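In the two complexes below, chain A is the common chain; its partner is chain B in one and chain C in the other.
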Partner chain A sequence: MSDYLPHHALLRLLAVLALVIAPHLLRLPLWESLAVAALLGWRALASARQWALPPQALKLLLASVAFLAVYQFYGRVTGQNAGIALLVLMLSLKLTEMRSRRDVMVVVFLMYFLLVTHFLYSQELWTVLYLLTSSVAITSVLIDAHHPGEPLPLRQSWRMGGVMILQSLPLMLLFFILFPRIPGPLWGLPTDAGPTRSGLSDSMSPGDISQLILSEEVAFRVSFDTRPPPPEQLYWRGPVFTSFNGRTWTASSEDLKRRIPAEIEVLGGEVRYDLTLEPMRSRWLLALDMPDPRRLPDKARVDRNGALVLDRPLIERRQIQGRSFTRYRLDAQADAALLDQDMEYPPWSNPRTQALARQWREQGLDPPRIIDAALRMFREQEFVYTLEPPLLGRHSVDDFLFETRRGFCEHYTSAFVLLMRAADLPARVVTGYQGMEANRFGDYYVVRQSDAHAWAEVWLADRGWVRVDPTAAVSPERIERGARELFEGVRATSGLFGAYTDWRERALMTWDWVNAYWNGWVLGYGPEVQQLFLSFFGLDSVRNMLLALTAGITLVLLWIGAGAFGRAQAPATTERALLLWQRAGRRLARIGYVQRADEGPRDFVERVREREPALEAALDTLLDTYLRLRYAGEQDRALEIRLAAAIKHLRRPRP
Partner chain B sequence: MPLAPPGRGQPLDWPLAPIITDPTRMTHALNAALAALDGIILGKQPQLRLAMTCLLARGHLLIEDIPGVGKTTLALALARVLGLDFQRVQFTSDLLPADILGVSIFEASTAAFRFHRGPVFAQMVLADEVNRASPKTQSALLEAMEERQVTVEGETRALPDPFFVIATQNPAQQIGVFALPESQLDRFLMRLSLGYPPVAAERALLMERERRDLLAELSPSLHPPELLDLQRASREVRTAPALIDYILALLRATREHAGLRQGLSPRAGLALRRAAQAHALIEGRSAVIPEDVQAVFVPCVAHRLMPAAEADGGAPRAEEILAAVAIP
Partner chain C sequence: MSIASSRITTRRPHPLRWARQRIDAWVLGRVPRQHGPVTVTRNRVYIVPTRFGWGFALMLLVMLLGAMNYSNSMAFALTFLLGGLGLVCMHHTHANLVQVQLRAGRTRPVFAGEMAHFELLIDNPAARPRYALSCTWARGMAQGSSMDVPAGSYCSHSLAAPAPRRGWLDSAIVEISTEFPLGLFHAWTWAHLDMRCLVFPRPAAPGLPPPLTAGEGGSLGQARSGQDEFSGLRNYQRGDPLRSIHWKSLPKSVTPMVKQFSESVERALWLDWSATPGATVEERLSRLVRWVLEADAEGRAYGLDLPDTRIAPGHGEFHRHDCLRALALFQLPAPGADV
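Let's turn to the complex of A and B:
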């Protein structure tokens, strides 16, 4: 068997292939990872031991088995996961017939292609850095493939690959900025969509939010054009739940059907902000209580409960210019028929809670007093605000109010709303986020999943829906300082999070800041941002964008061409060769050999070689490459690299 | 082949890409020719190489030496290994140009003049003791050498190609000789002297058979068409700008030297370049390197340097000029 690539060049190719496949291995089934590893290992051995490559029939059999295995596992061979599994497997199988230069080229270009598929899973900055490194590595293999028989030293081919990738950056940027964007996520696939992200869900039962609060994931980032509101007003409104089944709160199906918006009357306290929302595959947009109904984000509407809702779930990161008013009146003139459904609860559930509320009503308390009574109960009795509440039974609210008395915001809110409803007051559950964390490096704030919160709203005549946060009654610090700080101790003891030392926090903040820019300017560079950005330059139509793109590409190509022309004109190669030769002369002078002015290079090298047999190989390379570059007119970067490499060996060997 | 660290692995010695169409055969034939010559003229490898260089550069050779060191043998051997037809002309003071060029004789049978070619129409001409002939005869030969054609009685006749003249002269004899003028010396690409053979070579010379017998057994290693190919190839050998700079520096050094009446002519510069190219070809390279120029500099230049009349320290020798000029 004679391979096009010599053994160690082939090993380099296999290593780069492993680098390119590696991130996929985490997502591929174990058997496939093992098969890929086996194929790579076998190919390395086959090259070392000069084994014959398998015959046609065996290759056909292997390919069929691979195909069937993927089909068996995924039930399909197309789509994101199955397609990539098949691609990885087939690329590894290609190694069994990789012999000629053409095969090597196919493998190299398949590696480039496979590299791109990582973007289907992640577009984080880390991924991009990894892929850039990998693309340099693949390019170095491509360079190796063009120097058969005598590959360059590893560092040289990597450097050359890096330079080539750098040189491609202008074109890449040009395409990125100017190529007209189509709406939709850049790397989304219509079928078997990517992994779901944590976030607010379409229902709330005990334990939901306390699960969420353990996640450090960013929900959204926000920067304010006006003064940010004080912590006690930082309620980011999300989905509102009005239907209760005794344990779980959900949005009422009638609310979802009805498209009558809540009536929002703004009174003052204007806040303007820019919000970058992570794609949580949810239909709900978040807004500071309460959004200005006259200035809603694009494609969003206000639902009956005052939440912002989209027609379709959000699957790409979105930037929203928000305007909210912290003083407002919500549905002050509500229809009594509509309010009826906000007083419903299953009569069979939580009897003790119902009895308590009935008791308050029978005492003749007016609505504000009832609210006050409930809050006083939370405040004065021994209720504990904790992330680790005990499990609750069938009558979850009863269990919580009268037995365990330990709970998280969803427990308090759920209990509170049920109490209100049992006392014949319209009430509902609002979920969202409360609080935020300033990033000291960028002028913005981060709201994480750990800031998730649930609170209540009660409808009072003339005042409309009033926000009541029962959690604040139990643990005012939660609202003032934020959940994150409050539960620092819990996290530390639960072992999920290490103590936040100062440097770690700073590093995290810096990283978040970098990511914010990445998200905002690179991943968030969709059609709207592109149009906004390019309209600064007068490029507001697709036609103009394409014209600018063509002009830009032409300019870049002209520039490259002019560079090549300039290089052809100037005797740059011989000049560089002379400089390298002088460097070699300095090194040889250091070990005692000085070239006389009238001494030709060959005579000089031969004089040194007679005295320094250990340097023979390096001296021969030095002479050969120098003569070729300086006198034979060969214009080959590889020769220069070889010459430079030989110079490094020109030192007296240590005894 | 990977770059082996020093001390391990084999030396990376690959030949420069040759540009001759059939490089292996050509270099092989050249080496065979040189080896055959070496078997005849013992211990004179550098001179043989230079003589071959001169031939490939389409130049003519002047050998300046005392009699009996093998000048004629060298010429004969060269003619034989290269498969050239050979003529020898012994120059004497009564030699006439017609004796060299040829003469038209009236033939009664055809009632017309018929040109009888002189010895100069051979591919290789040995002009022995060229300085004994009268200047008129000398210039007839030298003009033929330069023009590669002869004009006799108004009719121009081309000389064969390849055409190679080896002239010899004896510097020791000063009586009854007409020294070649400087302008004529310029016509010779190179001047060589053979000198006495080294002891070992002379021992072998004495012990072996007669040189003439060995010569008779010599078979050609090259043929005239191949020689022409090699001459063409030698003109194609690359001379890098850096080398042209070197030649220019050497020429300037002779022109600025106080010990010389006049510097080298542009023709000398061209000769130097042509000779260096041929030398590179013989060494199997496709490009001239400074060492090629250095190898041919003394034989190409020494006979063209004229010492100044008032030069006190004596005229510089070509070697001294070579040593004084830095390689750019």
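Let's turn to the complex of A and C:
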């Protein structure tokens, strides 16, 4: 019934366990966090007070209850969140049986494993620190478990753990850089995989509450190989919505199934850029209008609406080498049947909007004039651009156009596209990002969630799909300066406060720059980046990578092994008398006499002399000269020579 | 052939372990028998992963697959860090054992049927401590306790082996092993130190007094009465019975004095091989051992008369040891011949 670990070692294990579980506690349901904390506390007390551990039946019962509770809460026991919840509970329950080394090892291995699950939620820069601290802590627990009896002093086991982790770091780097990466995933990802982040939505319903635009999270970072395009051309194309149910715009399910690519004809204005996209669980990649169809990123395709679509939602950060053209012609020869889809709307919805569009059509306006009429309405009537629009009723476009007249890009775009459709023009909603912010520290730009934008496209004969941004008609500054600046107002740039904000901004930009490199080079180090990076060194094939990896690992291990071996050796003696005495000891050992630990030189030589009378003279000289050199402090070269000569005679006499 | 190693052959054979046993036997057969300090050099340290080491590797594989599936860079980093840790651990385990020196310690004689204890001294010449070294017989089943050896110091460990027969009991091959620091690897070395233990014959059951030999002593009881003639004092020697100490002179002299009684040679007890009952050699030896022990406990002078050895009467610890040694080695080949 007793514990394998002594009380102190167990307390250390519990503390490390708490460290490893802690970040999960925020994500776990409250009852589970409480149960885990209670188990840890009870285990510490049980060890201190020598309480008996629960019987087998109770442990089985607890495990079943834990299983059922997780199932009850999550509706399943697999998947990322439920799986981790179950793992944490089972690990805590394992504390009730810690009788053998095996139990301790299972707990320690599970702790290492639990550490890895944190990175499914966050891989920011600070997690490196957490990774290293926790690894050292768990390793020191493992060291404690293999030291019998009294545990080592805490500082010492931490030091040993730290040294081992430190020595593992170069190996980790080599593996990280050179281990051939393969594009994942290997098998299906659970549907709740990846961190939960906001991003572009799969639908757009103006009039519902929108929070996205206020988020300062980074959507992506971009650096340009060519001159960055002017602000009015910085439209980052994302999901395109073509189907409208009277209130909500969504992507057409027909388009998702049919996989007909849009026909893109590039005319000029080439822009090349590197884009590091944050994982947003989206099936769309972002690209500057319009991506070059001949140079698409891996695993991406152009859909009917000119958007870049992935077959699987993006859950990891991705680096994209993009090439776009700001002058293009999109689907100039579109199929009439397909265009019909882009003119549909529910006939019962928004009757006043329909009536207005019908009026324009009956006036005999041609398509460009109709567009102009709509934009003029936005510009000349009292429309207000605001991020806090009032909620809208059932006929949301009618309410917006004729009642509230307050809204942001979604409202204007939605109203505009419906007007166009009602006027028999094919039109659709394009969402994405508009604008960007330069990072002065590094040579790149940041696009944030608050730069999310929606605009419209209208199909015109011979010209194809043409971008129309109705928001620009209302608030041209939104396009030129970006949403954030517009709402933050004019910044104080003078005096002490100005210096402070300047300093703060500089710090923030530096931090963003560090993060950009972290994201681009470390977190984004996948098969593509690895290939790119290693080809600089001529390591472009898997075979070469493996060769370099093996060579590097061998070298580092040789170095570590040589260091460890050197420390295992006796420190070199420089005292010549002692060296000679050691040589004498080796010769005497050869004929069967070994100085015992409790024997001084005198006793030892006496013992040999009794048994080996033939060596008497040599032994006497040996003892005399050695004692004089070593203990009487005589520094005499002649004595050393005599001692060395005597040693030569120490051999078994020939019969 | 020594006792401890004979257990290897009597172990229950396991089909899966057959190959391992063959390899062990081959390696063990090549461990040289050495007198002196054996330095555990690099090429004498064997190292294999423990079952926890294999478990660790399996865990790493699962983590690697998970990292690939999620394309998670930090998961890759942790997996690779732990992989590196495993490799580093191998070197640390190896370095914890290498360059240790082994020496034979003292071994006290025992009687047949008892456990012989071989003392082994483990020297750590390095300037850093060795942790959790454990010491067992090679391929023995017993789990040895483990110990730390401080820097520049030594540690003694006693290994028990059954001593069923009289004569010299040679030490079997010893195994020094360690799994420190992480328990992922098991490093060990085998050494055959020139240690042997003298095993006296098993004493026969008490009760039978020595026979009266013609013209000599007689039974222990009768001989005792003849001891009472006081003849003088001599210096105390180890093994003298307490009751013969001359207590009155104790405060005056530096060393205790012992009362001596005049004993004629004829009156000393002669333990004679030819007069000892017993069907076999071993039975007779056992009987003689018992008589030696009884005479020694009585403080009686006794001599031993064996067909090839004759030890004059005397007493004290050294005398007893000489007699028991003669009985232990009676008609056995000289040491060294059986190696």
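The rule we apply is simple: the second predicted complex is superposed on the first by the 387 of 655 C-alpha atoms of A that agree within 3 Å, B and C clash if a C-alpha of one lies under 4 Å from a C-alpha of the other, contacts with A are read in each partner's own complex, and residues count from 1 in each chain.
In the analysis below, a residue touches a chain if its C-beta (ideal position, glycine included) is under 8 Å from a C-beta of that chain, and two chains touch if they have at least 3 such contacts.
All of these numbers come straight from a predicted model, not from anything done at the bench.
Contact with chain C, but none with chain B, is seen for A:M164 once the two complexes are overlaid on the shared chain.
By the touch criterion defined above, A:A597 reaches both chain B and chain C. Applying the stated contact rule after C-alpha superposition, one finds that A:A617 touches chain B and leaves chain C untouched. In the superposition on chain A, A:S203 makes contact with neither chain B nor chain C.
Of the two partner chains, chain B is the only one that A:H649 touches; chain C does not reach it.
Once the two complexes are overlaid on the shared chain, A:T133 sits clear of chain B and of chain C alike. When both complexes are overlaid on chain A, the residue A:M105 reaches chain C alone and has no touch with chain B. Look at A:I143: by the touch rule set out above, it reaches chain C but stays clear of chain B. Taken together, the two structures place residues 571, 597 of chain A in contact with chain B in one case and with chain C in the other.
Across the interface of their complex, chain A is touched by residues 35-37, 42, 52, 55-56, 59, 62-63, 65-85, 87-89, 91-92, 94-96, 98-99, 103-106, 121, 125-128, 131-132, 145-148, 154, 156, 179-183, 194 of chain C. Considering their complex, residues 1-14, 16-17, 238, 240-243, 285-291, 294, 322-327 of chain B touch chain A. Against chain C, in their complex, chain A makes its touches with residues 101, 105, 109, 112-113, 115-116, 119-120, 123, 127-128, 131, 135, 139, 142-143, 145-148, 152, 160, 164-165, 167-172, 175-176, 179, 181-187, 189, 193-194, 315-316, 522-526, 553, 557, 560-561, 564-565, 567-571, 586, 589-590, 592, 594, 596-597. Within the complex formed with chain B, the chain A residues making contact are 6, 8, 149-151, 153, 571, 574, 578, 597-603, 614-618, 620-621, 624, 627-628, 630-633, 642, 645-646, 649, 653.
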